[in-house]
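Worksheet for the structure shown next.
All chains are identified by letter, namely A, B, C and D, in their written order; residue positions are counted from 1 within each chain.
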């Protein structure tokens, strides 16, 4: 049986683009990490070392910087669509491009109660993300847009239980009618199209995720994720699917009885590892196909 | 259009199991990180918060520890197969189980030239990995085994060039006829079956990967990866496919001319980001299907 | 010449204490990382392996949890003072105790515009810190309190230059009249006493640091740090000294000229390493002596 | 009371220098992380923003690269001495220089049983370190050399107990007559002079540390550290002092009794946090003074 080259892609990962808008005295900042991955007619590069079809990853990096000036950043989805579209349209051997963008959040430093014009402080662990895939399709290409967030760390100190679960020979866990529920949420949602007010949509989805986490009386993280995901899809017809990944960051109640103290849900040990990992996808029946949208650069990791 | 639950899985991630074999005075150590992920009939947990089908992730953790005693660790592939098989066979609602194991390497501390009986020192950044998937299929289940390694950091100080590449408007990179080639390799290979001498196979694949990296006169990392992958498949009929992911860890030659010094490939700046990321798969034509083998716990990340 | 035991200390590092206040429906959360280090009569533990004087680090951990209930957390300075005072007063062999506390910030999740009663979201990279040292001194001990913050990431997009510097044989840097200035600030200030409104003081210092970073027209990071530090000391008589450590997180302007684009301070590459590291202390002449205050657990690292 | 500038220093941190020796076909690699910190007459830079005395950190970085060519790397202690001596001797305002170097270890990739001429694989977590301090003193300066290692992860599966310790109200720990002892060792030793065969000395100290960890029947980590440190000082008259910092990386025995299994020291949970942190210094009575040797760049952290 012959040995053959199968899936392959290459690109420049983690280009750190900072774009300052200084058209007025009141500057704006956009702080991005951009990764590109190209697929196409690259067999010769592998099989014979012939690089004639290979656009250097260094050129891809240059393009990320140049587009931040030529096109501007705008919403990260627009910026990623422009880059992915360019690689597919303008670089002959490329038939598919993935562009991932992370955006770090800044807010203005307040001076005497007012946001200063050109000084910023990083806010939040949380990162806004997008993954855009464009494939060659006639003149303009066809694109899929996934938006998301990660490292959104949330905790509720009550309103969470875990009871009535399956017990096997290895089960020692006690049922819990009132526990801390905490996670560092990753959410990624796929839009049905590309004609979206990205920034407004992001804010709305983020708000819904937080609100649902807060208001759902949780029998398990599974239930909370479902409620979060389905609320997002109910609120926005233009979202086809959402995937949620939530480590259950365990907070173990500390036994203070040896010290003559009770502990009615007040003192906890926040543990690092292991952690539960709960993941689910919620989709709209009959939504447009995902195509290669989820085959992000991470596909080979 | 209805909103429906789609793919979902859950498990315990990063359980740190250390197993000491002390049957003789000469102890052995096995040091593992184990992650489990289960799929099956878990819709009720999401939709109505009913946990009756949900085996706690805490029980999955307990099982990892108990199996380290009951079954022993052996090769990590055997240990993962035992765990995955157990979840599918013995836990009613489970129809598919993924078990990922990382193994950290230790060697004996040498005292007066001899390896001491019970003292060990961690060796290498590199991690040996396995990802086992078992699905319900009649009495025993059907299994896929992926083995691998990651964080294998290698560098060659000559024997690498990058020339003749595609140039576009954004290309400024100079051609290089002699450069440093360095990467932190992740390799994962899928076996055609489960009747394999895992430890011996791992050692052979690792040796081939290193040797090919060394001996291939590289026109690009793509070519090196292809040669590494195809050499592995040539050497072992029982491997169906191999995936390689290689960040191109750039070493930029430092311009010493301003200081009146030449620099013929001697002094380099090792850069962190961005980096090229080159990924490819090499497979055997007509090999057995991968099924869900690559749908590891990371699928939702 | 005899070989002798010199400085030594031991303790429990990175105990993760989460304290929920649930006295009313509106919960409060305090999220801490606590490290203890004890000094005293511990020579025998080293020299002969006699542990009779050694309070286990496990007991120190238990004490951190128990005090979170018995005494409550309050401001982290008070909590650390209580712990350090306890170790010196109540554990015979202990003559000096260091307690370090990091506090992670949370804010309420907003639901329909109102902060929810028991759901929180982590906010900011930034960590509030304290390092308390208590030494045996008569009945009650003598204490020093250092408060601080770290990982406060700030950036100004103009108002920073670097010109007129010393040039040697190895200097190639061009003068910059307008550059990005960015850092991830660590600040630690020592109070002259222990009768301080800790929370209010922390907020005031943080505000001053941010404002000074914003308003100082900077000729160099050194100047900015001095202005930040001296402004803090001017504002609060009860602060004896402040130390500032500021990595100069370089943002390099990208040369877009090869692509026919100008770049008037708009597109930057945010580099990881190397970075400048600028550090200074500002103190009040004649302030009380620091004693062992700065000999934090890190002293041996 | 006047507000005054106190201690201050600045430099370039984490310059990643890779030096290839290619004088013969059989290349050598030296892989370093270099940090410099300068003290001296830099008050004006702080107080008035006058940079006339400030050698840019960029120039310091350039010097690290240039010296790797001009002088070569040799042993890292020699390289650091050359750099520190240069800054003090040749840069007018500098009165003290610290240079820290980390060295990453590589070994040759074996091809057909022989080490290949120009291909290397990173070996070990462990890092070899040096911290050199040079102060202005007459024509040549006076220097102190600290050498060390960090991230040396060692474990013994028996030969360690912890009994007879002090018990207080918060003690719940059971005595252990046979436990796992594991740590990630940081060791730093100060030489009495600078006329040392650095490489040979490093190898000897490393060997002694490992051997003592192995052979000492440990009543506590304190005892093990003392035995390690004093053995080093006994073996080498040219070492004045050694500091050891050892996190007690807890391995908790897993209770398998609920599953009908005994666990005689075989299955452990390797925990992340909290950890004990045991630190001690061993010195030679009457050894030369340490001066500012330990005031490394970390002094302000």
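Throughout what follows, a contact is a pair of C-beta atoms (placed from the backbone, for glycine too) under 8 Å apart; a residue touches a chain by one contact, two chains touch by 3 or more.
It should be emphasised that the depicted structure is a prediction, and the values quoted were computed from it without experimental measurement.
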Shared chain contacts [subunit A and subunit C, defined touch]: B, D
Least step count from subunit B to subunit D, where 1 means the two chains touch: 1
Interface sides of subunit C and subunit D: same vs different residues, half threshold: same
Approximate Å spacing (C-alpha centroids) for the pair subunit C, subunit D: 23
Chain centre separation (subunit A, subunit D; CA means) in Å: 38
Overlap residues in subunit B, where contacts from two or more other chains coincide: 15-16, 62, 66, 170, 172, 258-259, 272-273
Contact set on subunit C toward subunit A in their complex: 15-22, 27, 29, 31, 62, 65-66, 68-70, 106, 109-112, 116, 118-125, 152-159, 180, 207, 210-211, 213-215, 251, 254, 256, 258-259, 261, 263-272
Of all residues in subunit B, those that touch subunit A in their complex: 1-16, 35, 37, 42, 45-63, 66, 90-93, 162-168, 170-173, 186, 218-220, 222-223, 225-226, 230, 233-234, 241, 243-245, 247-248, 273-287, 297-301
Subunit C to subunit B touching residues, read off their complex: 169-170, 172, 258-259, 272-273
